[in-house]
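Paired with chain B in one complex and with chain C in the other, chain A is shared by the two complexes that follow.
Here is the complex of A and B:
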């Protein structure tokens, strides 16, 4: 019996199926039934859906639907490798939805985010506070009627002139004000008050006390604020405060064109930017219904895997450094440098590459790339071997990693963990194997997984994944399809001497040699982005509605200029048909999903990221409870929290 | 610094006190890496062996503001983070300098939205701006040398 029939049988007349471009089922559920429907899907349906992957809001103000908001649920069945999307319409007058926290604890943070961003309340939520914005913030920024650049600063800007500051300091010294007269500290007062309140509320006979870690702490990757409740050195509980790097990715996407979102995706998980690029591109391509060329798929795989190795190198290196193994960190950064040079060779940038485009990639491999890549992979393998020798059986490292930060398999699934942290508990879920995208199904590689779900298993998983990524890259380089070097916009192969400098073209025209001049393209300066002859033509599909023409064409032919104009200028651009699509890739930290909604214009209506770190951090207290403070550093390192992705 | 020109006899030299202190200070930078975002990745590269910040006497990170004299603001500062940045700056002892590392700290970069501070110089004074998203290691080293020049030639407090 199909899923839709099962739901109809269980909840007759209540559930409507909506059409989506993606082929993944989307059901509309009345909000008073959501807990029952989700419990049914988790426990009794076939297949059963064990993961709550994502939960997010949409402001439907301009979509022309009778309700103002919608809350989306994205469930995943690891048993059948299948997804299902649920959607609840929420009216503006009464924006209350039952909380799913009792079904999946993963819902806790996601619902807090929806409250923060949209102002939708969740009934019976245990802890409905703001999560990304600060308490003083007024309004809900992802609502369509909140202006994208309306700022609410917490500090004034009177500090710009150092002389004034010195003067003020001198005045204060002269006056010697007593404590009561001192002006209230402009900074961190909310935080301090919070601490004071909690300290005051504590029973004096109680043994536990409160310790703040972060937001600026050397061992916190990025910025995060942990309030630890301690009994001696043992952690009794932790409250994680995030949002210090909230850069409004989702709001920025809504005021950008489809292709302009790429640079913002770079900066989500900024340790592995290409993977984010690919994830977003796949979602938009799904919406457009286009298929990219074979070669472009291989290139995306190669660059994604290089990115993944870089991600794991940074994560493990930093983790080792925080545990005192500084040498190991230096080795890994050296290896990463070799990879970044490869990335630079292809994309022109070291880190924030914006290399993927809707419909293809920006530039093809250089002629020497395979050779350089093999050399770099050799370096990486050597460094990994050295790292392994230094650390894996190192007594200190071993003692600090084994048996710390443990999470059980059931809890990991309930909190929606993915990636190496989930795999360390023994679940072999990896998007590349479970739902292969691009050409991952053509490579021979293994998914390493652990048993105990502790820091050491996570460390080993990441170490092995890097070697597996090396294997994928090598296979991809071998199988890399060629394709015609030189194809014009109608798909016809062109002779080799078709590229001419502009001056030579003009000479031909002047002397009347015009017979084949329409075929000839102007040779442009290699410093122009994408210029350098015919290299990258073979990586674009024949899709003029999305693919930018090469610079040679833009500068060398009227068709090229027109095509460029239609894709770039205001009021034109790529226009996916109205609809919704979800696409997930395996990011450095787990399932990185993009849910894109188009209303048929040249700007995305909504781009939702499913950030793997967000789920991981929402279950952080489960991993750390009962451990020592020192274990927190090791655990934090293996989770590999990336603030750009966590806070967006 | 052309020490020979200043040598008198074989065993002493004359210089201005300001100059001598500036020279000492510029090669003993204790930096506070206020790392928030993507630029941190590039900061790691600069600090590690390949580009080696230590060649400029600036490798030692101090995570206590009271022990640091250069505040390296590396990465986007959101409005939620702004009070913390100012607090850290206020806790540093004079003389102190601030480096805005990356375009987000210089101007807000391409994050022109409700969450982001449009340049940290709206919150704290800045001595050197290093543009780039993120800046290449070479740019960072260049910025650092500019800062050293500034430290050397400014009027010293002591």
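Here is the complex of A and C:
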């Protein structure tokens, strides 16, 4: 029985199926049924959906539907490697939805974000506070009627006064206990509780005390605020505060063109920017129904894997450094430098590369790339071996990592963990294997997984994943279609006399000598975007809707000029058909998903990122409760929280 | 006359340490740079001279002196100011009893090459070392900062725990050499075993050497025992200190490193002794006729007492430098212990081992006698 039939049978007449561009089922569920439907899907349906991957809101103001908001649920079945999307219409007058926290604890933070961004409230949510925006923020920024360029003061003058009043009130309450209910401060009860706790801590019989860790703390990257309740050195409880690096990625995307979103995606997980680029491009291409060229697929795989190695190198190196092994950190940074030089060679940038385009990539490989790449991989392997020798069986390091930051498999799944942190618990879920995208199904590689779910297993998983990525890159270089770069796409070697510097060609074009240009190829570096006919066809599909024509055609033919202008000019550009699509890639930290909604214009209607770190951080308290302060640092390191994608 | 000697010695050692401690920061930077495939500090220059970055030590001190020294709100002002001074004072005091060479005899008058020729050197060393913990815990407490308190607590617990192992490990040494006078212990190590092996502590008491080194590194609060600082965890007991307040804590660490290294040398590496070099000259068993045919008669290559003293002084400095280098290599290789693991190592490993060491040493000595 298909999933749709099962749902229809269980909830007759309540659930409608909608059309998606994703090929994945999308069901519209009435809001009072969502808990039952989700419980059914988690426990009784076949296949059962064990992961709540994502939960987000959409403001449907301009979509022409009878409801104002929609809340989307993205469930995943690890057993059948299948996704299902649920959607609840929410009216403007009464934006309340039942909270899903009792079904999946992962919903906790996601729902807080929806409340923060859209003002949709969740019934019976244990702790509905703002999460990305600060408490004083007025309004809900992702609503379509909130202007994207509206500014608000970060903290108003009365803030300090109110803090003092709260403190005094809390102190009075402690001194003179009364039966009267304390009037709850709106949306900020936790702070009040902290103050109370602090006051209570002055009582000497109380053994625990409150420690504010971050945002300015060396291990918190300057962007995480932990309120720790400590008993001596043991952590009793923690409240994680995020949002210090919120850059309104999703809002900015809504006022950008489709290709203009790429620079913003660089800044999500800024340690492995290419993977973010690829994830977003795949989602948009799914929406457009474009098949990219073979070579471009291989290039994306190669660069993604280089980025992944860089990501893991940084994570493990920084982790070692935070545990005091500074030398090991610098060995890994040296290896990463070799990789970043490769990235620089291809993309022209080191950190914010913006290398992928809808329909292809910005630039092809250089002629020497394969040699450089193999040399760099050799360095990486040497450094990994050195690092392994220094740390893996080092007694101090081993004792610090084994048995700390433990999370059970069930809890990891319930919190929606993905990536190395999930795999360390023994679940071998990796998007590259489970739902292969690009050409990952053509390579021979393994997914390492652990069993105990502690810091040490995460460390070993990451270490092994880097070696597997090296294997993928080497295989991809072997199988790379399109061959060398000094041949055209038919394999014929190009004679020198039809080559002309790009600038000279542009001059000829501008002065009207266009007739000869069509036969001439631009003599320019293959890593420069656009300007090279033979390479252009290798990395871009024949898609006039999205792909800028090569410069030869732009300067040399009227069709080229028109095509160029149609893609560049305001109000034209890439226009995917109205619809929605979800695409996930395996990021450095886990499933990095992009849910894009188009209303048929040249700007995305909504770009939703499913950041892997967000789920990880929402379950962070489970991992460190009962551990020591020093373990918190190790655990925080192996989670590899990247604030860029956590706060967006 | 005696006062002039004291003042001269005191001025010399204070000056030597004031130069050595900042110099050690440079050594540490350069050494770590070599280990980590880096160049290391080399930017500071005077009139365009960079001198391998040596001026960084000077620049650091100047920077620390000119920085604002602020006292946080709610801090215990007097104690806050006093704490780093206590720390550095007791670290410096430890050098008073260190013999840098054998006594120098000038015109029939014997001059001890240590500031105070105390015959209870070991006890003095431990007394001073235990006082140093006050600077740390008072600084942590007076700062009125949770992190500082945590750091102070960790430091005090760690230093007191490791002093036990440190002290007990030395009892074996005291048993062997039969003295608590550092000069006597140094002198005793010039004797030879089987006619060729110098009776250095490391050969006589190998287990005690490892315990002493480990506990000694723990006393200096450096990696892998830097839980009290733990810059990525709790930043440390000196979190609220800026300027020279921080500078004094920082230098205390380095001075303590020199102190512990000196003590290691005295107890285990023969102190100022150069193998086969006695007060009257060079004795090499069996080889003297081959090397120095002229000395066959006496079996001694005669040397002036002043030259011997200078050679011993140089040997002492060299040995201390080697030990410091070893400690720094450890510091840049290992990760940091967790607080409870430090306690476990101190109480459950080092202390029982050092007790076993005493028993074995005592039994062997009794049997030999």
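Everything below uses one rule, namely that the second predicted complex is superposed on the first by the 536 of 648 C-alpha atoms of A that agree within 3 Å, B and C clash if a C-alpha of one lies under 4 Å from a C-alpha of the other, contacts with A are read in each partner's own complex, and residues count from 1 in each chain.
The rule is short, and it goes like this: a contact is a pair of C-beta atoms (placed from the backbone, for glycine too) under 8 Å apart; a residue touches a chain by one contact, two chains touch by 3 or more.
The structure displayed is predicted, hence computed values, not measured ones.
Touch criterion not met for A:79: it reaches neither chain B nor chain C. Considering which of chain B and chain C touches more of chain A, the answer is B. Legend: residue contacts after superposition of the two complexes on their common chain; A:334 is shown touching both chain B and chain C.
Of the two partner chains, chain B is the only one that A:251 touches; chain C does not reach it. When the two structures are aligned on the shared chain, A:62 is found in touch with neither chain B nor chain C.
In the superposition on chain A, contact is made by A:218 with both chain B and chain C. Once the two complexes are laid over each other on the shared chain, residue contacts for A:399 go to chain C alone; chain B is not touched. Of the two partner chains, chain C is the only one that A:628 touches; chain B does not reach it. When the shared chain is aligned, chain B comes close enough to touch A:141, but chain C does not. In the superposition on chain A, A:320 makes contact with chain C only, while chain B stays out of contact range.
Residues 217-218, 330, 334 of chain A touch chain B in one complex and chain C in the other. Of all the residues in chain C, the ones that touch chain A in their complex are 32, 35-38, 146-147, 150, 223-224, 226-227, 230-235, 332-341.
Within the complex formed with chain C, the residues of chain A that make contact are 209-212, 217-219, 233, 320-328, 330-331, 334, 390-391, 394, 396-397, 399-400, 628-633.
Per the touch definition, chain A reaches chain B in the complex via residues 133-134, 141, 146-155, 157, 159-162, 165, 185-189, 215-218, 222-223, 243-248, 251-252, 263-264, 266-267, 270-271, 314, 318, 329-330, 333-334, 336-337, 340, 350-352, 643-644, 647. Those residues of chain B lying in contact with chain A across their complex are 34-38, 40-42, 44-45, 48-50, 61, 63, 75-76, 78-84, 86-88, 90, 110-118, 121-125, 133-134, 136.
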